[in-house]
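Common to both upcoming complexes is chain A, partnered first by chain B, then by chain C.
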Partner chain A sequence: MDHIPTFLQSKLSLGQSAAAEISPGLVSAGDFQAILPALVFIATGTLLLMLDCFTRGLSHTDETRKNRSSLSTAINFLGLLGTVVAGACACASMEQADPSLAFQNYIRVDSFSSAVSLIIILGTFFSLLAAIDYLKRFDAEHGEFHCLVHYAAASMLLFVQANNLIMLFLAVETLSMAAYLLTSYLRDSRRSVEGGLKYFILGSFSSGFLLFGLTLVFGATGELELQEIAKSIAGGEADRSLLLAGMALTVVGMGFKVGAFPFHSWLPDAYEAAPSVATGFMSVTVKSAAIAVLLRFLLLAAEPAGEAGTASVTEILSSVLSLLAIATMLFGNLVALMQNSVKRMLAYSAIGHTGYLLVGIVAALGPGGELAPDAVIFYLLPYTLMSIAVFTLLGYMGRDGKDRELFEDYRGLSTSRPALALCLLVILVSFAGIPPTAGFWAKLYIFRAAIAGGHTWLALTGILASIVSLYFYLRLVVNIYMRPAEEELDADPDSSLASGLVITAAAVALVILGLFPDLEFGSLIKALGK
Partner chain B sequence: MTLSLDLCLYLCAAVFSIGVYGVLSRQNIIVILMSLELMLNGVNLAIISFGRYFITPEGSALSGTGASSSQIFVIIVLAIAAAEAAVGLAILLAVYRRWRSARVSDMRLLKG
Partner chain C sequence: MDALVFLISGVLMTASALLVVTRKNPVYSAILLVVFFLLTSLNFLVLRSPFLAVIQVLVYGGAIMVLFVFVLMLLNLTEEELDEKVEPGRKLLAGAGSVLLFVLLAWAINSSDRIQAAGETDLTGPVKESVARAGETREIGKALFSEHILPFEFTSILIFIAIIGAIYLTKTRRADHRRTAEPAVKQPEESA
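On to the complex of A and B.
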């Protein structure tokens, strides 16, 4: 198992002895401790749903309306509190250095899953914070929103901790279902439900492929546990043609979930249709979880190079993935050039960012890819901050139940909201990957890992695509700073405090991360157990 | 008479492909939902046949833990399919209230 990075290797002896000691059907307290953050999310989600159910349906007198507003404050507060508690639990589990297994090896907690969990929880926290004003402004304050976000977050945590094909599929389906419902959350809006339906059909379609792929991998190796699958493949016991077909279908299914090029068609529609806060939430957390799981799965299932003349399954997959990465980077960034709507532009640029992450995965699969997993995880952190902040801003600009989506709508923002415009400038510069921001380091680490692994072409294409992306990010900056406003932005609705907080916090964090990248990077490497 | 694993897998692939064809070619959302179910059930057949294949005639597992878990896998996939159908029908209801139609070709607000 030399080809598998150390942080993914289990103490195999530990896993086996643990399996031998536990009699089947027995669940210990330690098992629940391992999934504590997910449990907290599920508990708060359910609590909020109940709270909303039992207090709804009162008549609309002034007094009940007042009660309603204090109730929604309570719901917001509880939702955020649950996220903070889950984050604290995840931090606590990060302290432990050794990977631990739970629920008869269905769940595996290690530094990799803990790091990704923290990023997901951070994204959830920011999304819920931004949702406070957004839902109020769109008059859509229902407990379901928080409930769905919490359930989605819980299933994403279980997804990155999954150590078994059953768990993997169960978690990915749960999180997808929450995402479909979040997309069609504004159910009085035609656009929202149409986007939700399209997302549902294509998402379930891709789940079918993913399940078929996982089944074929199971058929090829006879194992459901990831570590056992890795052993079986490394030992050369697996059926090669079944394995290749299974891995290819798995990549197709996961490609849909992350929005890689030929499988991206749901993404712009779903992003455009979903309420902006939900778009921000889905764009970062679903993608982070799916990329992390794809990375772990491909690394574990890596087949060592066979005898000369025959390409190993991993080599074939790696060349297919590098083609996908190139196509995704170019397609996402080139199509984003042509968009008139800021939200669609961001959706296509999100496809481009998936391409950069795929470059990192390809680099991790090849020889000399030790840097790549860290680079991918580091990329997810600034990406989470940028993406949530920019979608929060879209929601913040929305008025009268509609998002303001055209580039022209942002004209003159620098005069009417100077502080906001400055934050947005930082975020867009970071998106484009220009130095003193974290976005620069994120791309640099990915491309450095690609070059170290000998994938110079991938890195070159990535750099080219980043240059293309400058145009559409800076187009928004030009509209903000250099064009006068056609109409004055109306006065703030009573509370935009939370949105402002999210945007400012993200901008400040991006600059700090950009100035001291080693700070975070070093601690992440340490967290990854290197 | 016992079926060989190959034959079972061909059957699964056929059922799965019919589902894929249905999703891609049909306009009615209900039929699309049924085709999605067909895809998952095709895979279910594959899981069962693999599980059977990994058990020796004497009833002991040929390799690993996979054989005994495959039945659990199938049941969980069935449950997921049911949940997915529920979510799909809920979205379909919301769509029908807005459009008074259950055909995908009527929905063209979004460009993709």
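On to the complex of A and C.
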């Protein structure tokens, strides 16, 4: 009659405690304030869905078409407005110094979660901006798109703020569900729907692993709350073998979500199949959220070094993760070399970038890894800008209802659209990690943290992978600047200012961040609540 | 007694799970899956969790299986479609993955102090009152609406997204928006 009944009773708090605690003051205003950005997203998403639902014309006369276009404008505007408000709320919560808990410790707001939230909100804003003409061109301006993007953003914010295994799993399921649907958003295109289905099946499979892992972690510690889990592990009360198995399965599940090497197989297909705006959105926000949560989860579960002889769970995990990181960096960048489609090349290079982020996580786990969490967060910011901008561009330069996907399609862009070509150049140079851009600093910080933590091999592999990646990024640059155009290149006539704005803003931001990397973004993220 | 029930149901569960993945006809697989779910719920009973046992039967054995069988019947697969070959390499990979998972879990359970200690726990005596009540629907309802209100409410967002997606993906396309080939069966023209 020992521990099984007691931990069931105390932690799930079924039984006597629940009855006593029901009181009017159970949920306070402070609780709602903590999740305000997510609430704003949910409210905007629902509003836009309803707006679209109740005002969409049933007949197709010219009159209703005209009304629809003004309706789309309203929806786009409201969607962007909601994102800005959510961003303002997240900024406000960043001001507060102490980490705060809400909703019976289900939610934890600290500077780490606020910083990642801001990156996610930034990504959402740019994606929505880029979606304005993309959706118009594909004649797919349904309210569902905005609704799904907003809900996905809300669940990502809660994912990052989650302080409890239940919330963690629920949020990751919700954001994955939205991501599957966004992948198959162009429901008339066979490719899009097929890609969505593949993503859905593999994603559900990986969620199974994640759930299994989280359950075993609960079994090992008897706790659902992250802080309590950390305490239990630090106090040596946790069951070592269950914890190790649980953490391993959690890493597998999260590895699927971020697209680390042996679990990457869904990623190129899903990225290629999804409409480019959705690819841009998923590639940055889902990855940012998942990497941040993986980092925090592993850090919280970090054990103090065990007695000599037995390797601690963290040490084992860290060596497994470094193998994953090496494999992911090499695989992503080497396979990207062989692609003929720019979109597929970007998908594989996204796998490579996951590898660099895993290097940061490994560095954070070891001794001397104080710099690493900041480095990982800093990496996410330029990555968000680059990735969204380049996927926007694929859609922006598209024609005949298709994205411009092949390398050859970009020949002679520099003569017909010099400004756009320059922006693309900046973005690609940043992807490759060449100095005056932010991508260089992002990689430098990660590798510096790895070397400081004694992971010289990881850093060397990363540098090697970056050199490999130069080839395929510069291959696109060569096509833009040094090959003559076969035909006149221009953006789709339907395209408006919005996409151009996203691309230009991202390029300018990359250069500014590259010139002044000490914008003290990192220092805002110091307190990674232990 | 508990151990005996567990042993018998364990063997049966493993057998039915193996049969689920090896049957050619998906309807057989579905039925065998029901057997598996029922045995799982039996194990919940052995673990003194009547609520979970009932939910397992209702949700998995009932609702989800009905949906499965419904979809299978609707698809109405022909012999050739059922005969689709899976690459041997892929099968091998899946097999290796399963074995790896099994080894990991078997090792974890075998070397876990907590689980080893649980074997000596005497479950025959009277159950503590708080624990006995923990399985009651009333207590679970109270806990859901007080302490666990956030995940409970957030689940509705998850389900809402799934509903939106299901409606969005299956809604009848308007004729002038159709890009792909016409389906063989003409769908009734109706706007949702």
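Operating definition for what follows: the second predicted complex is superposed on the first by the 488 of 530 C-alpha atoms of A that agree within 3 Å, B and C clash if a C-alpha of one lies under 4 Å from a C-alpha of the other, contacts with A are read in each partner's own complex, and residues count from 1 in each chain.
Rule of thumb we're sticking to: a contact is a pair of C-beta atoms (placed from the backbone, for glycine too) under 8 Å apart; a residue touches a chain by one contact, two chains touch by 3 or more.
This structure is a prediction, so every number in the text was calculated from the model and none was measured.
In the overlay built on the shared chain, the residue A:V193 is in contact with chain B and with chain C. Once the two complexes are laid over each other on the shared chain, residue contacts for A:I166 go to chain B and to chain C alike. Once the two complexes are laid over each other on the shared chain, residue contacts for A:C53 go to neither chain B nor chain C.
Using the contact criterion defined above for the overlaid structures, shared-chain residue A:L497 touches neither chain B nor chain C, since it reaches no partner.
Once the two complexes are laid over each other on the shared chain, residue contacts for A:M338 go to neither chain B nor chain C. Applying the stated contact rule after C-alpha superposition, one finds that A:S184 touches each of chain B and chain C.
Of the two partner chains, chain C is the only one that A:L158 touches; chain B does not reach it.
Which of chain B and chain C touches more residues of chain A is settled by the count: it is C. With both structures placed on the common chain, the touch criterion links A:L211 to chain B but leaves chain C unconnected.
Look at A:A92: by the touch rule set out above, it reaches neither chain B nor chain C.
Across the superposed pair, chain B and chain C both touch chain A at residues 164, 166, 170, 173, 177, 180-181, 184, 187, 190, 193, 216, 219. Interface residues of chain A, counted against chain B in their complex, comprise 164-166, 169-170, 173, 177, 180-181, 184, 187, 190-191, 193-198, 200-201, 204-205, 207-208, 211-212, 215-216, 218-219, 221-225, 228, 232, 265-269, 272-273, 344. For chain C in complex with chain A, the touching residues are 104-105, 107-115, 117-118, 121-123, 125, 127-131, 133-135, 139-140, 142-143, 145-151, 154-155, 157-158, 160-162, 164-165, 168-169, 173-174, 176-180, 191. Touching chain C in their complex are the following residues of chain A: 1-5, 8-9, 12-16, 18-19, 21-22, 26-27, 35, 42, 49, 58, 60, 103-104, 106-107, 139, 142, 144, 147-148, 151, 154-155, 158, 164, 166-167, 170-171, 173-174, 177-178, 180-181, 184, 187-190, 193, 216, 219-220, 239-242, 244-246, 248-249.
Of all residues in chain B, only 9, 16, 19-20, 23, 29, 32, 36, 39-40, 42-43, 46-47, 50, 53-54, 62-67, 69-70, 72-73, 76-77, 80, 83-84, 87-88, 90-92, 94-95, 98-99, 104, 107, 109-112 touch chain A in the complex they form.
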